[in-house]
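Structure below; questions to follow.
Read from first to last, the chains carry the letters A, B, C and D; within each, the first residue is number 1.
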Amino acid sequence: MTATLTERGTHRAQRDSVARLHGELTRNGLVTWTSGNVSERVPGEDLFVIKGSGVPYDGLSWEGITVCDLDGGVVDGVRRPSSDTDAHAYVYRHMPEVHGQVHTHSPYATAWAARAEEIPCVLTAMADEFGGAIPVGPFALIGDDSIGRGVVATLRGSRSPAVLMRNHGVFTVGASARDAVKAAVMTEDVARTVHLSRQLGEPLPISPGHVDALYARYQNVYGQ
Amino acid sequence: MTATLTERGTHRAQRDSVARLHGELTRNGLVTWTSGNVSERVPGEDLFVIKGSGVPYDGLSWEGITVCDLDGGVVDGVRRPSSDTDAHAYVYRHMPEVHGQVHTHSPYATAWAARAEEIPCVLTAMADEFGGAIPVGPFALIGDDSIGRGVVATLRGSRSPAVLMRNHGVFTVGASARDAVKAAVMTEDVARTVHLSRQLGEPLPISPGHVDALYARYQNVYGQ
Amino acid sequence: MTATLTERGTHRAQRDSVARLHGELTRNGLVTWTSGNVSERVPGEDLFVIKGSGVPYDGLSWEGITVCDLDGGVVDGVRRPSSDTDAHAYVYRHMPEVHGQVHTHSPYATAWAARAEEIPCVLTAMADEFGGAIPVGPFALIGDDSIGRGVVATLRGSRSPAVLMRNHGVFTVGASARDAVKAAVMTEDVARTVHLSRQLGEPLPISPGHVDALYARYQNVYGQ
Amino acid sequence: MTATLTERGTHRAQRDSVARLHGELTRNGLVTWTSGNVSERVPGEDLFVIKGSGVPYDGLSWEGITVCDLDGGVVDGVRRPSSDTDAHAYVYRHMPEVHGQVHTHSPYATAWAARAEEIPCVLTAMADEFGGAIPVGPFALIGDDSIGRGVVATLRGSRSPAVLMRNHGVFTVGASARDAVKAAVMTEDVARTVHLSRQLGEPLPISPGHVDALYARYQNVYGQ
């Protein structure tokens, strides 16, 4: 990340589309001020694009998105990449099926993360999208591989595309940046509904067989 | 639902108006990403129109709405219909007075549904619109008649146009799609206010006689 | 209220300004669907203007506002007036210093009303605007003088321009419709903050002497 | 503050930029009606600019911002300055490194303030921005030096740019008005997340060593 920043304007279409996807984070109330980021693998290259560090959401364009290699080194761009770049890079190196990632401090999900408490699967919408509980990853400092290692280790034991990193926030993965954004939006949605339900009693569990049936249908039949 | 999708452009005005009604779901914070749907009977025909499965709300137009028969089979459209189509069809077959339906996972109402707990009638606005408590329906898997059966069985024992399906969300009915949308909006509104009230104590009941008086006035005198 | 509705277009400027003031109710999240209303005395006449019953907020113009006499009878307009018209009329007859009124079911304030629990004065902003606790009025059926009587009886024992009617919602008064709207906005704001504070413990009281000092300063010095 | 208000139009660019910064208070839900304000030191002069008392946020322009000296006396403008002007002036006199200040009654933060309870540092985002807990200042009446004295005394014992004034609300400081606005936005964000986390259990602490490491990285490495 100490390389000179040089704007060569490569991968402009993808940087543009990833810049626009950040609009879903603000529209859905997942981010505050400049926190949070979306990244996406460049198809067929050992590269990914990611939001610049501390760049405002308002007016974010392709120039706010930087191209990095899979070690987190800057390849093209005028913005220092997100301070979560090493975490994203680690996940891309160790989970080749992942092509998009999102990180947020969305409030309800982060409230569960601050207690290091997984979100139990008590909603059909959770069974659909997450196939079970949303798991908790370890505490990790920001700025090196620690977060990436925690994300990968936690996701490997789960069908969930989302992990709640202890005392920190949400990391989601997907087959594209759009899928990871959807997972981040749904994480906050179910984190809120289960929180509300728990405030006045104990939500009822869904049996593992029903969770499996809902997950299978949603992953294979839902949508166009 | 396995029929070939062919766009013949029939019922375009009604599909257009139902597409626009979905805007009330997003404006009132009842839906997240692509979940939720509105349907409406076609006047004088054994048909109804319903949102396509997984179609985004942003830019939803008449082409995102599919025409189905009362068994849930596709009659016209280019989108596979909602995965809740069989539930809507079942309700239309068994409740001929119902001409509109809405389904959401709106957060406060779904929080009650996850505990399988009815919302008690402690607000004059609830007595007005629901004529009593909002009842809870059974757990049911998605994709066949199960939800429809649960909705019909629950609504038959109540004046409420809304039912909270356990671990799932809200289904509402009305004499038109607009009426069902209103019921969905009011369900979340009262689910939230009663939730807030219960957080700090026990809301006071309204006597059954007062509930009846409020319901009669609202259904017969309110509005233009 | 059974008089023939005839639009003569009188008091158009005031009806226009009251129509626009309703925008503050939606902007501040105080109302849902068509519930809630603003009214204002016509200067120098025994008349007031008020929102029509069940008229949507979207596109509300002067034609959605009806002119009534102080018994609640319609004098000019094409919309049947709010079903709260008799309550407003009663307040105007018995509190001549009141020239504007607002009614909402805003969620946090109505949550207190459902428990018939006054909002204690634990914020300097409450001392400023309300001069103490926000009091609770009795349960009353809708459609005749009952609500008006409860509002007047409760406000007479308080410096507060707002009353929480049990199981129902908020009624506020002011020297103008704008002042009553401000009181309705501030009622929901402090209802929410005190609710949040009470969720995790007991907010600290402000001494009566400090409440008096804050109230005196705000009523006499604040603003332009 | 009793000086005649005369508009000479000095410092127009800075008053314009401070007027626009108030938009972040409304956009982030930190203020209600006319409460709250932003101020900023004039570079190289013993002056600051601050919002007028009770001036609406809608349509706020440079004319709604008044120029004051460091005793709170009006130097230029047509609006009486905020009733918090003496507090801002006191802070500028006693903390020369502070060039911007913000005051709000943002709901979650004010809920902590009403209990006089500091917000514990249980989120990495809090360690980043605040370097520890957000502290509580004393109860103080509005309109003289009392609030300023409480703000300065509390901030001196903390790395936090924000203080929760008991029963009142939030005061933040920064090297510029923009930095103080960011601190106000982040204060409400973490006040909400920690509130939500505490509602269902006890959030886990972050060790002091980790807090220090996060704070050092964020203050020195984050951003461009």
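Odds and ends about this structure:
Convention: a residue touches a chain if its C-beta (ideal position, glycine included) is under 8 Å from a C-beta of that chain, and two chains touch if they have at least 3 such contacts.
It should be emphasised that the depicted structure is a prediction, and the values quoted were computed from it without experimental measurement.
Under the contact definition stated at the top, the chains bordering both chain A and chain C are B, D.
Distance between Cα centroids is largest for the pairing of chain D with B. Relative orientation of chain B with respect to chain D corresponds to a rotation of 180°, obtained by superposing CA atoms and rounded to a multiple of 5. Although chain A and chain D share one sequence, what matters here is the overlap of their interface residues, and that overlap falls short of half of the numbers used. Chain centres here are Cα averages; for chain B and chain D they lie 45 Å apart. Distance between chain centres (mean CA atoms), chain C to chain D: 32 Å. Shared interface positions of chain D, defined as residues touching 2 or more other chains, are 199. Pairwise chain contacts present here: A-B, A-D, B-C, C-D [touch as defined].
Of all the residues in chain C, the ones that touch chain B in their complex are 32-35, 52-55, 79-80, 83, 105, 107-108, 110-112, 114-117, 139, 141-143, 166-169, 195, 198-199. Looking at the complex, you find that chain D touches chain A at residues 28, 122-125, 182, 185-186, 189, 192-194, 196-197, 199-204, 206, 210, 213-214, 217, 221-224.
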